[in-house]
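Okay, so chain A shows up in both of these, paired with chain B first and chain C after.
Coming up: the complex of A and B.
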C-alpha cells in the first residue's frame, strides 16, 4: 500500500502542538524544582545518622523508583479522589512527577554528598562553622556542581516523561498528536511531527545545560 | 560446436526463467486481498477489546461483541465457517498502521465514517448507525439531564468526560451546552473518570451506555439525551477494489438479504430489545 504524506493537518494544528510543547516544558521544570527540594530532604535523611530517617529515605526511593510513572499518575489522578483528595489534572501530574523526580534526585544527591571529601567538612567544623553553615556553604555548592550533569539528564528525562500526562488529559504535545491522529488518521504525520519537536527541544535543552555546566565548572 | 549448443540451452533456460518470474510477479501484483485471505485459510481482523457491547473480553475470557460478530459473518462469507478468523487486538491508534503494514486484512472496531478518514482508508458500507449518549454516575450529584442543565444555568461547572475523537468538544456542547469536556484515550478511562468523581458525566456511544446502564444499574444512569448520529463501518486498504467489493457484498447481504438471520441474531444478542424489520419481497431493502 502506498502512503501519501500530507502535513497540512499538522500545519493547521501547529499552534496547539507548540502550546502543548510549552506546557510539557513548564511541567518538567516545575517538577524538577519540587523534585530537587524533595530530593535534598531525602538525601540528607539517607546520609543522616538517624536510623528512622535512613529507613524513610530508603522506602521512599525504593517505592518511587520502582513504580512505573504511568501507574503512579493513574493512582494519583483516579485513586486519590476516592479518599477525598481531588487535584486539578495538571497539578495532579506535577505532584506525581515531583514525587517521581524526588526519588531520582535523592539518589543523585546522596551520591553527591557522599563524594565530598570528609576533610572539607572537618575543616569547616574546625573553624567553628555550624552544621547549617557547613551544609549551606560547603556541602551544597560542591554537591550541586558535581551533580549538575546528572540533574541535566533528569530534566531532559522528566520533559520526555510529560508525554504520559496525555493519559490523564493534560493538553501537552503527545495529547495533541494523539488527537490529530484520531481525528484525521494521519498517523505518521502526527507522530513524526511530535517526535521532531521532542528531539529538537531535548537537543536544545542538552546544549544549554552543557553550556551551564561549563560555566559553573571550577578550573 | 558442443560449447555453442550448451550456451544456447543455457540462454534459453535463463530467458524462460525470467519470463516465468515476471509472470509470477504480475500475478502477485494483481493478487487481491480476497485471494490472499482465501489462500491463507483464515481472516485477520483488527479490533479492540475494551468496549461493550462492540468488542470486549467476557467472563470466560473470550473476545465477544457486535464487531466480533461482523467479523464472523465475514468469515462465513469467505469460508462458510465463523471460526476461520483471528483477531489482532489493537488500540485505536494502531488501526491505520496495522492496515498499512498488512498486519490485518480489515479493521472492524466501531469506526466512525468521516470524509477526512475516507482519504486514507476505504470504508465498508455502514453496519450500524450510532448516537452519542450521556451516562451519569448513579451516586453522582446529578440524577438526570434536566438537573445538569439547571446546574449550569446556576453557574455550576459540570465536567463531561469524552472520548478523544472527531469533534469531541463540539459533541460535548451538543449534549450539554456549557459543560467542560475532558478527552480520554479510552472508554475505560472515561468510566474511571466518572467513577472517581473526576467528571460529572461522560459522553459515550448510546449502545455502550444502554449496555452499562442495564448491566450495572447501581453504578450508571442513562440520561435522556442523545446527539450526533454517526455511521460505523469497517476499514480496509483503499487500493483493493476486489476486496472492498466482497466485504460490502457480505455486509449488505447480511443486513438485507439471504444471510439476514446472521445479522439479526447478532443484533438481537448485543443490542437487544429492538426488532429489525425483515427483508421484504420486491424492491431490495437497501433501496427503500
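Coming up: the complex of A and C.
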C-alpha cells in the first residue's frame, strides 16, 4: 500500500489555513477575555455570603460544565433564533465560548479567592481600606498571580475548542482542513498539516505563557 | 411540547443508546490503555518512553474534533483501499479512546510520580520484588489520586460524543438536528438532549464520587 504525498494543495491553500488559525486564536483570546469578566462576577457571587447569589453561581457552573460545547453552540446558533435572538456566526460562537469559558474561569477564580489567607484581608480592614479597595488592590492581584497556570490551561483548551466553530461554518482552520479533504481528496496532507499547525500553536502558547508565569512569580 | 418529544421517542432512544455506547467504550478502552501508558511513561527507560511521550503530547496538542476527523478520514481512506469499510461509530470510538488514553496516561504518570521515592526504597529494603511493590504499595495510592481527575475525563468523553455527530454517527445531537430539520422547534429538542447529557454526566459524577470514597481508603 503506497501513498504518494503531494503537499501542493496545502501549499496553495496555506494562506486560508493560516487565516483560519488566526481567526481561531482571535476567537479563543476574546472568549477568554469575556470569560474572565463573567468568571470574576460568578466567582465573587460564589464566595459572597448571600445564599441566593451562591445558588445562582453554582447552577451556572454546573449547567455549563455538564452540557457539551457543541450542543451549546447549536442552541445559541440554531435554537435562540426561535425566541428572536439572531447572531452572526462568529459572534454566536464567541458568545457560546465566552459563556462556557466563564463557567471554567469561575471555578478557578473561586478556588483562587478561597486560597487567599484570611489574615491578609483582615489586615486590609484594619488599616481602613474600603471593601472595593480590598477587592481591587489585595484580593485580585494575589488571586490572578496564583491562578495564572490554570488560566493558561484554559486559554489553550479554548483555542482547541474553537475547532468546533467549523460545525457552524465559521471559516477557521478545521473548516479549511475539511474543505481541502472533501474537495481534493488529499486526506493525509489536509489533516496532517492542520494537526501540525494546531500542535505548533499550542506549544508556542504554552511556552510563552510559562515565560509570563516565571516573570510574575513572587520570589 | 412534550407531544413532539413523545412522537419521536424511538429515535431519541436510539440516539441515547449510541451516545451511551460510545461513552462507555471510550472510557473503558481509554482508561485501560491510559493507565498502561502512564505506567510506561513513569517507569520505562528513555527509549521505551519516547514513542509514548510523543503520542501523548501529539494527541493532547490537537483538538478532539481534528483527531476525530483525522482518524475517520485517514483510517477510512486506508482501510477502504484494502476493502474494509470503517463504520463511523467504530471510528468515532477509536478516536475518543485515543483521546482519553492520552489524558488518562498523563493523569496516571502524575499520580505515580507524586508518590515519594523512599516508599519504593522501603519496599526494596524489606525484600519485595518490583511487581509486589507496584501492586501493594504504589498502585493503591496512585489510584486514589487518579480517580478525581479521571471523573473529569469521563464526563469530557460523554460530552465529546456530540462531536461524533459531525462524522455522521447518529447520536443524540445528530438525531435532534434531523428531527429539527423535519419539524422545527430547535430550542425544545436541544434543551431536551441537554437535559439527557446533564443527567448522564451527573450519573457519571455520582459513580465517580462513590469510587472516590472507596479508593480514598488507600490515600495516606
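Going forward, the second predicted complex is superposed on the first by the 218 of 219 C-alpha atoms of A that agree within 3 Å, B and C clash if a C-alpha of one lies under 4 Å from a C-alpha of the other, contacts with A are read in each partner's own complex, and residues count from 1 in each chain.
We adopt the following convention: contacts are C-beta pairs under 8 Å (C-beta built on N, C-alpha and C of every residue); 3 or more make two chains touch, one makes a residue touch a chain.
Just so it is clear, the model here is predicted, and its values are computed rather than measured.
After superposition onto chain A, the partners chain B and chain C occupy overlapping space and clash. Of the two partner chains, neither chain B nor chain C is touched by A:22.
By the touch criterion defined above, A:187 lies against chain B and chain C together after alignment on the C-alpha atoms of chain A. In the superposed model, A:83 makes contact with chain C only, not with chain B.
Contacts of A:178 after superposition on the shared chain: both chain B and chain C are touched.
Put chain B and chain C next to each other and count what each touches on chain A; the higher total goes to C. Contacts of A:75 after superposition on the shared chain: chain C is touched, whereas chain B is not. Once chain A of one complex is fitted onto chain A of the other, the partner contacts of A:195 are limited to chain C, with no touch recorded for chain B. Judged by the touch definition given at the top, the superposed model places A:166 against both chain B and chain C. Once the complexes are superposed on chain A, the part of chain C occupying the same space as chain B corresponds, among 19-27, 73-81, 91-99 or 145-153, to 73-81.
Looking at chain A, you'll find residues 1, 3, 74, 78-79, 81-82, 166-167, 178, 181, 187 touch chain B in one structure and chain C in the other. Those residues of chain A lying in contact with chain C across their complex are 1, 3, 63, 65-71, 74-75, 78-83, 160-164, 166-167, 174, 177-178, 181, 187-188, 190-192, 194-195, 198-199, 202-203. Residues 58, 61-67, 69-70, 73-74, 77-78, 81-82, 155, 158-163, 165-166, 173, 177, 180, 184-187, 190-191, 193-194, 197-198, 201-202 of chain C are the ones touching chain A in the complex. Note for the complex: chain A touches chain B at residues 1-3, 74, 77-79, 81-82, 86, 89, 166-167, 169, 175, 178-179, 181-187. Partner chain A is touched in their complex by these residues of chain B: 92-93, 95-97, 99-100, 102, 116-117, 119-121, 164-167, 182-185, 189, 192-193, 195-198, 237-239.
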